[in-house]
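One chain, subunit A, links the two complexes that follow: it is found with subunit B in the first and with subunit C in the second.
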Partner chain A sequence: MNNRTVATCAAAVLATAALTGCGSSGGSGSSGPVELTYWSWAPGMDKVVALWNEEHPDVKVTVKKQASGDDLVTKTITAAKAGEAPDLVQAEYQALPTLVGNDVLADISGEVGDAEREFAPGVWQQVTLGTDAVYALPQDSGPMMFFYREDLFEEYGLTVPTTWEEFAETARALKEKAPEKALTTFSSNDAGLFAGLAQQAGARWWTTEGQKWKVAIDDAATRKVADFWGSLVKEGAIDNQPMYTPAWNKALNTGKQIAWVSAVWAPGTLTTAAPDTQGKWAMAPLPQWEKGANVTGSWGGSTTAVTNDSEHKEAAAEFATWLNTDPEALAALVRESGVYPAAQAAQTGDALKEAPEFFSGQTDFHERAAKIAEGTAPAAWGPNVNVAYSSFKDAFGAAAKKRSDFGAALRTVHETTVADLEKQGFEVAK
Partner chain B sequence: MTATAPTLSPAPTGAAPTPRAPRRTALVPTAVLALGTLYCLLPVAWVLVAATKSGRELFSTFTFLPGTGLTDNLADLSAYRDGVYWRWMANSALYAGLGALLSTAVSALAGHALAVYRFRGRETVFNVLLTGVLMPPVILAVPQYLLLAEAGLADTHLSVLLPQILSPYGVYLARVHADAAVPADVIEAGRMDGAGEWRIFRTLALPMMLPGLVTVFLFQFVAVWNNFLLPYIMLGDDEKFPITVGLFTLLQQGAGTPALYTLVITGALLAIVPLIAVFLVIQRFWSLDLLSGAVKS
Partner chain C sequence: MTRRTPAASAPRATRAARKGHGERRAPHLFLLPAVALFLLFFALPIGYALYLSLRSVRVQGLGLGSGARREVWAGLSNYADALTDPELASGALRVLGYGLIVVPVMLGLALVFALMLDADRVRGRSVARLGIFLPYAVPGVIAALLWGFLYLPDVSPFHFVLAEAGLPRPDLLDGGPLYGALANIAVWGGTGFNMIVIYTSLRAIPPEIHEAARLDGCSQVQIALRIKIPMVAPSLVLTFFFSVIATLQVFSEPTTLKPLTNGVSTTWSPLMKVYQDAFVKGDVHAAAAGAVVIAVVTLVLSFGFLKAVGSRTRQGESR
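This part shows the complex of A and B:
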């Protein structure tokens, strides 16, 4: 390394310092348009935001695309600790209590007007956390449904189950007719699915009692769900292999598994997982615990939240409201980001008129989906959902593999969650 | 990406040191090394093959059967969000290239100073650095973020570069190498001839330390190139992401959106090309060693 190289390096460092020195002060100036940054993972979000920027020259929103998941929650909390959180963040419903608990999210109940009536009560309740505050606006939701291979159901003379009892019968009937096939699998690698099923049965895992948290993962409703799936796995009526693996893709693609309990976004997943089965699927409501009911749980879905670090909370809340309730914005969200909007008007709107390409045979796909979404059960999330979820993965993963008692696994999840809450310093009601 | 192969000691316990015995024991290490090589290369081969498959073929055809979609994958990757991938590639090159260069410079100076000069607290400084070697950089990422945010540098290119400039392991390596490769006599001779300390470092010590510094550079380059957590925490702006963090956003797009596996795999394949190139280019410096220095025998 000669003198010149050293000099070049030094110059480069200084130049970078100078550049960042003048570049990092955006957003706080009093003149010019208000600048908002928005962390989001939805694909195509920049195109949706471009519509806003065109119509609102005084409030400019910039999307910084992020990766979704628990890591983003951690990253947002860390940024907020340093006072560097963006004005707006996309957050999953179950992450809201964690973010609120860390004082990251602003209460925007004063700015959102009467947005509440745009959403199903079970969805809206998840952004208020059962209080008078509003911590976010629902963006997309994932009402759960039953997806099945219409052609194979016909081939094996099966009828679409409307109750969970019928679901078990269907699984057994298929095993009898075609022992090498399975109706579906019980997968432990995404706890969101099980949480949704528990919500449908009426579970409320985290609630508050005065200043204390009350954990009820081991409640009667959840136990009913765990025992139901546990006995199906134990008797071998359904498979016990995890989802989202190459083997699972193959099982769906070749018709070895002929149904999937999933959410409204399943067509997108099936498109990549089972490309050869296009047009052979149909969607039905989730089987019910009580005949004739219309209750479903949620799996996935996210919100738009405003942070306490934002210097322009009002403008940010205005943008969040526009994004999730304005017909034009919602149409763009459906078109560009492929989300299933939480706003009820948009669920039957023009943008969702046509059935997903993968379900081309079912022309009333979205009409039916909207009807199912009306029955979305409320969900009760707490400050350590991530701990409960990872404990679920371990405990139920082992139980499914060994085809052993799911009740014991559920107790493990419950106890781990309570212990973690206590360790974090929360008071837990017994 | 390091794989430590288990070290089997081929110790021939017992007697019978026949002349043929050493030849036989060599089989075991060779087999172990071959196994280790296979273990390291198999995933690379998988990436190579998987990058040629289209989304349709990826999970449905035989794992090591090449597909037909390589050109499409490359085109899709380049087209993804107006070629943001190449931007990430450039960012990675900046972080790894400049970062490794600066880190090597700091290591060389510090290593030289620690090896050549005797001063009070020298061993303390060195021991503190050794402790730094034991400290995984992962646990420092969050404190570093909070510090840099305090300085107003969060979410800038500097926030990724600065923490990686001081590499305790690099300084350690440079000192050990300077100890071994730069004879005290040479330094002494330089002083006798009236050279200043800076000139001694530049014209005498540096060339002798070069092979060691190349190692430091390579280690640091690979470390920065593969680093995920630090840039992940530091950066919010996806225009400043390195490849590692960028590809992560393609994988995690939310529950409703399928991961872009084919793009990620193709992107990962392209991301190792610069690493291999750097290795091939720099490799030749290793053989220089002491020959390039002026030493009495």
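This part shows the complex of A and C:
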């Protein structure tokens, strides 16, 4: 039991936040090798970096393992306020505008040379934020796909949906044949999934108009996606419980849910969530809004960025370029960290020749994945993605729970996001 | 009860006679570490939080690149926002509902357990005491996870048994039952601590008083109601005080259960709202204002309660 006052707690938390990240600045001093610190959450990153350190005795990179996602964004911004940000930091695409807005990331357009041609335009545009600057190098991407239990689809006589209309029919058909099962669930605890689905439908949530931001979360494309999932949840064709819970793991492992709309990294998640189903899954392109199209959204994916606090920006940019474009580095990233590299050459290269162990039946897994990735729709991120995402969790969580109108939830997210921008002093185009 | 005697004045007189130069400085020197620590780790952080709560960040243009964000004085606007925020208010209401379950149940159980352990002719007293106390040693996050898994319909053994028996299976992580589910975690974890506090003060009651009551023909229940409970009233007040503060600060249980259900929002309790502001929105200024508001409410409620109780006992004494 804690009987200190809240103020002490809050103050202590704030103070701690300000203190974290101490001792992370790159070593200075003219003698000896340049020392760089790199905050990353990718597993096995230290082994990839070891390759660099072997070949470059004059630039030594040290990896500090971090928690992923939103936590690292806040931590990096806090560290940058104290002038203690690391030289290099792993950041998700949607966090870049927030980090740039807080003056954390350095423009490395002069240092990265012609790295641009290694990446798909839709990916590259996310690290430039549509400007002439380059704020990071793409590391991995998460083109979205449809994963399903091949054996159970056969057992229930279902065909793999190629359009969202067919997807809805498949869900209803399964409910009819096996009422206790569900095709999948609509989960509200990761807004990235919904954002990816909206991108596929053509949504561009944040764009700029001169010196104003334009927010279009409640646009026609996104509303189409929200209504589609909302009606499936409402009629009970799919489940409404969140992902990544023990119950969800069990549903996938026992075949209570027989499909998952996810991204290229899904095999890794399924390996831990549903270990008993190895070899029973297959991957297909994401269902399309228009028959015969090849469009997909992105869910996840991250970049390597250089911070303004770095005293060796040139060396740091050189390392970031090596890490994300050098064939040897990319092969190591695939092998050690299990990422799906953003560099196009690596997506069809030797490193990704073999299908993931969990999808051993699908020998052409990566060939198909690369083809799907070609159709990745562009994403448009703004300075308060975090606010939109947390509002999404609450609004869509409540709507999914009550099986109520998703359109209303979408309006809430839109309005919350606009109100936050205005409160911060941004000019928002109507 | 013992009466306060006037402070002993004799020793002070002799000390005053011997007061030298060094001795006048000595108390200040002895105080220095405590004062320094207080200033450094209590007053300064609170002062900083107050300062932050009066500032805010303004953005210019697109908010990209250097110099796009400036910190400015915001006056009391952060407080106005916090006080008019419907999310903070409904969070406070949720915590009130939660507290109305937790505090009476937890303290009631703690008192009953303490009285049972203190009764004559109890076997296995130390084992029982340890058993009731043990959950308190389980960290709050672990307790919440443990219970969360027991609540989740698809992995819960209770749900399995209910399903096998053909009975309806309530969703404990939603709507009204959610309050009970959260309260249960707090009661499970906190009863032992409060029981120990009450039990310790029960043991301090002189045995002659029991004996006298028994000779006068009191039953065990009457002894408990007429002798023991009035005599441990101060520790009941203390445990109530602690429990109210702990309830107002509820954070780790709902935060831990949040990923398991759509029923808990990211701003379920006021402290969760502060956490969201600080670490998800990255707005320390709004978070600081929210924290100050919660701190003031906590202070007013808890010290108001202590004052009310204090004046009542003083009245009782003078009667």
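Keep this in mind: the second predicted complex is superposed on the first by the 404 of 430 C-alpha atoms of A that agree within 3 Å, B and C clash if a C-alpha of one lies under 4 Å from a C-alpha of the other, contacts with A are read in each partner's own complex, and residues count from 1 in each chain.
Going forward, contacts are C-beta pairs under 8 Å (C-beta built on N, C-alpha and C of every residue); 3 or more make two chains touch, one makes a residue touch a chain.
Everything quoted here is computed from the prediction, not taken from an experiment.
J.: In the superposed arrangement, which partner chain does A:131 touch: subunit B (first), subunit C (second), both, or neither?
T.: In the superposition, A:131 touches subunit C alone.
J.: Is A:162 touching the first partner subunit B, the second partner subunit C, both, or neither of them?
T.: After superposing on A, A:162 lies clear of both subunit B and subunit C.
J.: Contact-wise, after the overlay, does A:425 reach subunit B, subunit C, both or neither (first, second, both, neither)?
T.: Touch status of A:425: second partner only.
J.: Look at A:390 in the shared chain and tell me whether it touches subunit B only, subunit C only, both, or neither; answer first, second, both or neither.
T.: In the superposition, A:390 touches subunit C alone.
J.: Going by the contact rule set out at the top, does A:360 touch subunit B (first), subunit C (second), both, or neither?
T.: Neither partner.
J.: Which partner chains sit in contact with A:53 here, subunit B, subunit C, both or neither? Use first/second/both/neither.
T.: The answer is neither, since A:53 touches no partner chain.
J.: May I ask you to decide whether A:339 touches subunit B, subunit C, both, or neither, giving the answer as first, second, both or neither?
T.: The first partner, subunit B, only.
J.: Touching A:84 in the superposition: subunit B (first), subunit C (second), both, neither?
T.: First partner only, subunit B.
J.: If we overlay the two complexes on their shared chain A, which of subunit B and subunit C does A:246 touch? Say first, second, both or neither.
T.: Both: A:246 reaches subunit B and subunit C.
J.: List the residues of subunit A that touch subunit B in one complex and subunit C in the other.
T.: 1, 6, 9, 12-13, 17, 71, 246, 250
J.: Which part of subunit A faces subunit B closely enough to touch in the complex?
T.: For subunit A paired with subunit B, touching residues are 1, 6, 9, 12-13, 16-17, 20, 23-24, 37, 39, 41-43, 64-69, 71, 75, 78-79, 81-84, 86, 92, 140, 142, 192, 246, 249-250, 253, 263-265, 268-269, 271-273, 275-276, 299-302, 337-340.
J.: Under the stated contact criterion, what part of subunit A meets subunit C in this complex?
T.: The touching residues are 1-3, 5-15, 17, 70-71, 73-74, 77, 97-98, 100-103, 129, 131, 133, 188-189, 208, 211-213, 240-242, 244-247, 250-251, 256, 308, 383-384, 386-387, 390, 393-394, 397-398, 400-401, 420, 423-427.
J.: What does subunit C use to touch subunit A in their complex?
T.: 42, 45-46, 48-49, 52, 57-69, 81, 149, 152-155, 174, 190, 193, 242-243, 245-246, 248-249, 259-263, 265-267, 271, 274, 276, 278-282, 284, 287-288, 291-292, 294-295, 298-299
J.: If you look only at subunit B, which of its residues touch subunit A in the complex?
T.: 55-56, 59-60, 81, 98, 101-102, 105, 108, 142, 145-146, 149-150, 152-158, 161, 206, 232-233, 236-238, 245, 248-249, 251-258, 261
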